[in-house]
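What follows is a group of structures, each given as structure tokens.
You will see two complexes here that share chain A, one where it goes with chain B and one where it goes with chain C.
Entry: the complex of A and B
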């Protein structure tokens, strides 16, 4: 039987795995792919924030409070930045005609730590002269570069979404799996607890949880605290859905087979039942990341999250709450635009993932 | 039906008790309270603080405090706000009313716009109306409440058409009652629109997909085959069934609305429960924080209760379960 007749090309075609089919369906959805590309771009920029940002997030310039955005212009074949000088009134800046300096790429200026531990001083762009600042998105009320702060802030705001969702969904899956698998009293207790957590309006619960942490924590502690708070709230809705799915999956033959082979309950839940819920979990996670990002934004915005001088998209927006600032210096809303683009991209991708995971939509 | 209502009412009691116990426990775990700040003040003697603490039962373990608190709340007494120096009951009731007013107006605006738009988009599927609606819905779902509130503030400040934050003008107390009403409404419009906008997109999308689903059903084809006009088919046959699942999301939308109201209130200075919660939080008036959380939950639970009754009234199968 080893020397079988050569099989035709049609027969030799290996059937695609479910994940390959999923990817094929996803690839066809332009909007979802656009969302994915935007997210990859945002996260890459966020990882290299120190390199791309021309300034440090806490670098204060006393001569440029509320400086309007400065954009490089093309002069011949060189990008140049103009020089600004103080006008007659406060926070009034005028461009000095015919006084420009070429913009350089890969300039050595301020020191920073790439990825948080590699010391470096090379920056993507800059004029290399403090008299010719480059504020792509203007400067804030302390003369700090909004663009640089936006990039440093994205490290906090974007990562909280991913880490928060990973923790709370992992918790939700395991708790939901246990609840559905064992049923009985365990199930009732867990589900009542879910109901309890879900029946408190999210932001009220966030604030009462925030109340249990002492004031005056370091940036890293606050960061961990926000993740803990958001995870504490997020697991409940996930656990409920996973419980429902587990209830039907545990009746299937392969669970019975695993049991007959003498596998432990925990192993059956983690290895055999939960993987079957994965396609739902991935879609739900993508669509839920925005809520975690917004959770951080709201906490920091209200002044109980990330504290100055650390930058996060939420605490940057706090300045925009002052209507005088907002009216005269609209570039303070830049973090709002960044949040909008991120949330939109997650919604695009999540919507496409949902359609691609739905096999009926072929 | 009465039995169903009664059963659902009974279900609410353990839930509210659980929520109050949970928030109380969280409060007991929190470091420091209003008296920690007072103790720093050299003008207040330790005796006074001890006396005040005993008066508010703060020297007892948290579960004893909880029992005292619960007893008072059940008799309609929310105690005394240490930070505001007035009765917490009147404070909370005024703020609760404001939050209710804001959420209710937003609810009416959101549903009033979303349902007709959703129907329109479904009936004219794949037309420019449909595409425009789904585009607006996508954008609407992605604009965070924080940004929208800030933009609304900017709009109010730039155009002067609306007051910038607050719930009433400085001269409110001197106005005749008719003018007071208009002044209040004028302050309410912008926050309500902002709050509604965040809710609108989801409802519209839901309405559209529900109606599209029912339009594909066989009884709709049957109605068309009988020669009924398209308008009659949509309004008389499809719509009534398409509205049904929307009553279910009414409950969810309420939860989102209350959280959204929290943000809008804090940014646009609307004196509701959310704003009071933050103020109490910063003043370390922990009892008031607990009261606010419990009241907000009660609002949500009652809203869900109403949604359940509407659903049961619309669909007899639920009543019998």
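Entry: the complex of A and C
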């Protein structure tokens, strides 16, 4: 005869914290998880760009203008790269038969700085011979490796989204929180200011703001400037939504309870009201990152963003403006594909986060 | 000196022609260690009176037009924001009606209690003190409870946490605004027992807002009955319950259902509480009063001491 387990043996389920519940709901959404994994991959690659890229972003090769992609092939158990020769006409490259060199991993070639400060020369792959280049995504009009430039460019394009969002959302949350919490004249003034910022067509604002900065800035300065410009435009819409949420949250009793404890206004906003908007903010931030990435693309495309020879996805696409180039050298569109994948991944993840943050969903 | 002395407090909502008098000439005192109950129907001004003590009613829309609120002899109506922040929680703490809504849903309760400590007893803002407070209010296994979110607790426990937060700074006065309304009867009794026990132990005064006359009998030393923004009767609790003087107090007590009674219907006070800003002329209770006389509608009677310690706003109380 079987005996039933004593009641004490049944383990009580510890209730999950809001974040654990959130994670559980998110895990069930495969598309969102896929988006998340892609983004983690992209950001990791971007951090290690110097190591993964076989060349430096500004390394020019005079013998390979508009070189088509070169892919290693499997020969026996070795990956080998073929050699190409300049053909009869300009920018016409032909594979030299039976002239290959094995592809090596962890080769020492060009020097670079890992994470921007650790000097290193080890690269993930390469043939270790300048006569046998590896151009996974071909070369551009200066004979620079598009793949390497794509990786270096991602450092700029991907980080602009994250940093830009952090700044503009932090601003938007604080300003919106203050506006909604104090209401009255403060609220009116801040909201009219928001509307002013929002009513100016973004593109013109971007370009006119760009013109207030002196020409001939270094890449780092331009980078900082783009972030400032995009954040300057982005905070307004965030502030409006946060203000609306604050208006409803501040009427809740715990805000009165915090005041009754002698908490100051600013601390009530930051510690009690804004954390209650986080589930919205995280979703909105994820869905807004693409706008910042695209914002950089637009600026660089217009020639007021990151300047050559520095690489960003935007200024790489500038080279692909020309229809003749597009027809003959379609690999120049690789940054477009990268942007496409990134934006899509952010949107998938954002949609999933939104559903997971909605407690009414399963 | 009394711990709290409210003298002729007058407060409007709004300004000028649109001003609505929400508190009209309210005066009462609370001595150290005393429990005073504020009783009345919804909308009679109990809560705004209580919130006014620490100036928690936002101004605007509120507008204090007269009177004084002396807390430890100092007028809170004249205090700066900084002083008020020290008074709040430091000298007077609040416990509100709905404990579920009074706790911030996104923070663990341990952190919320710690926040109260940080504000008023920064040297004691540690887990040990939080656990001691939770023990004090009778929460079992406080060591693991400090990591709970508010939604993981029952209403009674949430209210205990609120009380722990209010007690963290060892206030002189605890204002409990209908602390048991959102709780069921057994929990209600537990919370009230807890309050009286803590009061004895810590020697603080309590201002208890309620519309439950049963609670008044259990807890109060003195009672103030409010009607339409005014105190209509102020009296030691025992005597008030035994022999209410104001017709409104009598009507209130008549409407409490009796355990042994043959009435099929609850007796209720006819009519409604007059809307703020639309008070009848003369005595505000006159239109609903069973003993109203024509002159009642002419002049609002004064709150007069008719017996020792008993104040009534009605000339016809006999």
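We take it that the second predicted complex is superposed on the first by the 351 of 362 C-alpha atoms of A that agree within 3 Å, B and C clash if a C-alpha of one lies under 4 Å from a C-alpha of the other, contacts with A are read in each partner's own complex, and residues count from 1 in each chain.
Simple rule for what comes next: contacts are C-beta pairs under 8 Å (C-beta built on N, C-alpha and C of every residue); 3 or more make two chains touch, one makes a residue touch a chain.
Just so we're clear, the structure is a prediction, and the values are computed from it rather than from any experiment.
Asks: After lining both complexes up on chain A, report clash or fit for chain B versus chain C.
Replies: Fit - chain B and chain C, as placed by superposing on chain A, sit side by side.
Asks: Scan A:333 for contacts with chain B and chain C and give back first, second, both or neither.
Replies: Only chain B is touched by A:333; chain C is not.
Asks: According to the contact criterion defined above, which of chain B and chain C contacts more residues of chain A?
Replies: Here the partner covering more residues of chain A is B.
Asks: Given the touch rule stated above, what does A:203 touch, chain B (first), chain C (second), both, or neither?
Replies: first
Asks: Is A:278 touching the first partner chain B, the second partner chain C, both, or neither of them?
Replies: second
Asks: Could you tell me if A:321 is touching chain B, chain C, both of them or neither one (first, second, both, neither)?
Replies: A:321 sits against chain B, while chain C stays out of touch.
Asks: Looking at A:252 after the superposition, I want to know if it touches chain B, chain C, both of them or none. Which is it: first, second, both, neither?
Replies: second
Asks: Answer with first, second, both or neither: which of chain B and chain C does A:264 touch in the superposed model?
Replies: second
Asks: Look at A:302 in the shared chain and tell me whether it touches chain B only, chain C only, both, or neither; answer first, second, both or neither.
Replies: In the superposition, A:302 contacts chain B only.
Asks: Just to be sure I read the superposition right, which of the two partners does A:212 touch: chain B = first, chain C = second, or both, or neither?
Replies: first
Asks: After the superposition, pull out the minimum Cα separation from chain B to chain C in whole angstrom, please.
Replies: Minimum C-alpha separation, chain B to chain C: 22 Å.
Asks: Following superposition on chain A, which residues of chain A contact chain B and also contact chain C?
Replies: none
Asks: Please give the residue numbers of chain A that touch chain B in the complex, ascending.
Replies: So the residues of chain A touching chain B come out as 192, 195-196, 198-205, 207-214, 290, 294, 297-298, 301-302, 304, 314, 317, 320-321, 323-324, 326-327, 330, 333, 336-337, 339-340, 343-344, 347-348.
Asks: In the complex of these two chains, what residues of chain B are touching chain A?
Replies: So the residues of chain B touching chain A come out as 15, 18-19, 22-23, 26-27, 29-32, 138-139, 141-147, 150-151, 153-154, 156-158, 164, 255, 258-259, 262-263, 266-267, 273-274, 277-278, 281, 286, 289-290, 292-293, 296-297, 300-301, 304.
Asks: In the complex formed with chain C, which residues of chain A make contact?
Replies: Within the complex, chain A contacts chain C at residues 15, 17-18, 184, 252-254, 256-264, 271-272, 275-276, 278.
Asks: In their shared complex, at which residues does chain C touch chain A?
Replies: 54, 56, 60, 84-90, 93-94, 96-98, 101-107, 115-116, 119-120, 149, 152, 162, 165, 169
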